[in-house]
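Next come two complexes, and both contain subunit A; in the first it sits with subunit B, in the second with subunit C.
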Partner chain A sequence: MPTDVILWILGGLILISAVMSLALRNLIHCALFLMVCFLGLAGLYLHLNAVFSGLVQALVYVGAVGIILIFAILLTEGGGTETGSHLGSQWRTGIGLAVLLAFALLGAVSNSPQTTQAARHTEEPTVREIGLKLMTDYLLPLQTIGLLLTAAAIGAVVLAMQEPKPRKDETP
Partner chain B sequence: MTFYLALSVLLFCVGLAGVLARRHAIMALIGIELMLNAANINFIAFWRHSSAADDLSGMFWMIFSVAIAAAEAAVGLALVILVFRHRRSVRLDELESLKG
Partner chain C sequence: MEPLKGLLSTLWKALTDQPDPKAPFLESIPEDYRSLASAVLSVAPILMVFPLLFALTTVLERKGLGRIQNRLGPNRVGPAGFLQFAADGLKTLTKEDVVPRAADRVVHFLAPIALVIPVLLTFAVLPFGRNLAPIDLDAGLLFFFAVSSATELAVFMAGWASRNKYSLLGALRAVAQMVSYEIPLVLAALSVVMITGTLSLSAIAAAQSPTPGSFLAPWYVFTPWGLMGFLLFMIAACAEANRSPFDLPEGESEIIAGYYLEYSGFKFALFFLGEYLGLFASSGLAITLFLGGWNAPFAFMQGWLPSWVWFFAKLATLIAVFIWIRGTLPRVRMDQLMGLAWKFMIPMTLLTLVAAGLWHRLPSAPLRWVACTALLAGAFLVLGRVLMPRTRHGRRVYRYAD
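Entry: the complex of A and B
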């Protein structure tokens, strides 16, 4: 079935680029592979008939988060390859814990009764419906998230702002 | 459905391994982004497979989660830049001023 083939290709792309984005030494390459992973996720949402979510994923993650990641890498390490070991001192414990958790969760998923449900293939909601819902049922979350984003943006600017040099004639 | 849940589990664990194993603070942030995206797969998959007719809550959960992740990335990266300016290093195991 062609739809299954698309799913497996997207899943493989997402997982391989996720692993690459955490395994490479060059930080810029890591960020670029992360953007490939986000694009694969956007394709997965489009394949699930969730067009709006896919476009949000592409815009916000690939456009915004990817770009500020690259900016932060260039502002700190200069984009070079890491010197010395790129793994922490307890990396064996960390990867072991992650593999253990993966097995536990995969076991839980394969035993779950939820997984037998078939996809609905209903209509994708129009942008008009989404906007109406946002302005009626989801008004309070929308306002709250706007406040949170404003606070985070101002906070990020204040944190990253250069402090002005103290003037010499103002010594207490 | 099993496919999406398994993909989400694997993506989450890849992100967790990255957070725990890498030394660089920006790599930890990349791992956190991967874990948040793994949760978003679940929101969308359960929304598209649910039996409720015109309920959009799964999509709105995902969109609000994306907004929170964007805010988290902005603040986290600003903190990384600030730490780098003070210490000239963003290696997580070299930041040990609080160690007793």
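Entry: the complex of A and C
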């Protein structure tokens, strides 16, 4: 019984914070609610015994992506409050698509063999097993991703480093 | 009566290093409440011990800094001034709570709470003694870093919600600093993970237990890569905790008090508490990773004292070192701070990882000692020479003091 209660609390937290992160006017508030949503998802993963996914969710999304998001907001718009209508010109189409997508997902989830079968108690992969898999079977993809990310980081630094060179005849 | 006896027995078992200390108390209470009681038994000691340690540390820090600066420090409340923290606590509790009119009230209110909660959560995975880890998580180290990464967000919330330019500047400084120093912090910790092959902090502490018959305990700080990793970890932890010499986010000569400038009363005390608890937590992690956790330094001392006494003795030593550093070193400049993180700390931590790998692979003891020491010392010298060109200093001349 407490399991269900925790699931409901987490689900409510995730849904409410997701809606708030879209509905609020102040961009910083939206970003903070998005972080609450990410934390709720991390809690959900932890509750489902997926320790690695849960902790990485908190580490990457709240610790890194959240900070990048906030810096991006501050550097572009200054976190000002937006005025004007919430709804764009195509909101009817958007709602239609969202409803269609929701039905498609519901159909997929309810028809999937995972839910129709009785809950199978498989052994959860431990962090150790995930690490061993990454270092043996998935070593090449891991290294490739690492190389790509390094290239991206170096590229970002090169882009940020380009300053207009002062001309030689100009005295400072 | 029965639960009280169980509680006393639990306390005795915890203090004397016996396995499964929670059992006597849990057996004495009804079945339905056991999981709740077990959680309370884990949480309550942390909530009692570490805030009290914080209170004592504030007094000791002020007295220590006073000694360093050739003055007395607090000496009026209680014996030799040691009850100063009670007076300070009462003062902060009764002070008026001022919120700026322009502030974002909700975020302003939530920021100190959002700082203290993750910091307290990090204590959940630290093994304080042989059988005293609140949660023995398989991925304890990952949990520590995942939870502590949320504090950056809290600092930003505080600085942004105050609607004060100094607060926002302080918050941005703090976030930039914490993001930069998190990388060397994690990389330095990784070298230990490479050697032990586990992320469980209890297992890492147990791996440094002295084997019977040996003299010195196999703490990782006694190896070349461990020593370098420990020093880099402590520098990064110092910067993560925004402590001097890395206290730019609250540099009072430039931005008054930084991100908690607009906080008064108990909210200010919460920031203070969070900062010190963060320092204790990262010191505790350094002790677990490099200084042998709850193990005694020499094999023959292993049974002399309960294991948690060793842990807290090491913690007290590290806190004393932090106070000493704060009294000794001047604050660094922003470009020096970032340069240290990106040009020195990250290359050195990466080389520490290489050295740990060498240590693991090389067969004979003298060879790996020489190879690891040469690698790290050479890198240190080269990096130091490149980053800090030698400047000639003349002899110091005292114009007026002679």
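Throughout what follows, the second predicted complex is superposed on the first by the 135 of 172 C-alpha atoms of A that agree within 3 Å, B and C clash if a C-alpha of one lies under 4 Å from a C-alpha of the other, contacts with A are read in each partner's own complex, and residues count from 1 in each chain.
The criterion applied here is as follows: a contact is a pair of C-beta atoms (placed from the backbone, for glycine too) under 8 Å apart; a residue touches a chain by one contact, two chains touch by 3 or more.
In this text, all values refer to a predicted model and were calculated from it rather than measured experimentally.
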item: Simultaneous placement of subunit C and subunit B on subunit A, clash or fit; value: fit
item: Subunit B versus subunit C as contact partner of A:P125, first or second or both or neither; value: first
item: Which superposed partner A:A72 touches (first subunit B, second subunit C, both, neither); value: first
item: Contacts of A:L32 with subunit B and subunit C, given as first, second, both or neither; value: second
item: First (subunit B), second (subunit C), both or neither touched by A:S89; value: first
item: Dominant contact partner of subunit A by residue count, subunit C or subunit B; value: B
item: Contacts of A:G63 with subunit B and subunit C, given as first, second, both or neither; value: second
item: Which superposed partner A:L7 touches (first subunit B, second subunit C, both, neither); value: first
item: Which of subunit B and subunit C A:L55 touches, first, second, both or neither; value: second
item: Superposition-derived minimum Cα distance between subunit C and subunit B (Å); value: 13
item: Interface residues of subunit A shared between complexes with subunit B and subunit C; value: 52, 56, 64, 71
item: Subunit A-facing residues of subunit B, complex; value: 1-7, 9-24, 26-27, 29-31, 33-34, 37, 40-41, 44-45, 47-51, 53-54, 56, 59-60, 62-64, 66-75, 77-82, 84, 90, 92-93
item: Interfacial residue positions of subunit A with respect to subunit C in the complex; value: 28-29, 32, 35, 39, 42, 51-52, 55-56, 58-59, 62-64, 66-67, 70-71, 74, 79, 126-128
item: Interface residues, subunit C side, partner subunit A - complex; value: 107, 137-139, 142-143, 145-147, 149-150, 152-153, 156-157, 160, 172, 175, 179, 182, 198-199
item: Of all residues in subunit A, those that touch subunit B in their complex; value: 7, 11, 14-15, 18-19, 21-22, 27, 30-31, 34, 37-38, 41, 44-45, 48-50, 52-53, 56-57, 60-61, 64-65, 68-69, 71-73, 75-77, 82, 85-91, 93-95, 97-99, 101-102, 105-106, 109-110, 112, 114-120, 122, 125, 129-130, 133-134, 138, 141, 145, 148-149, 152-153, 155-157, 159-160
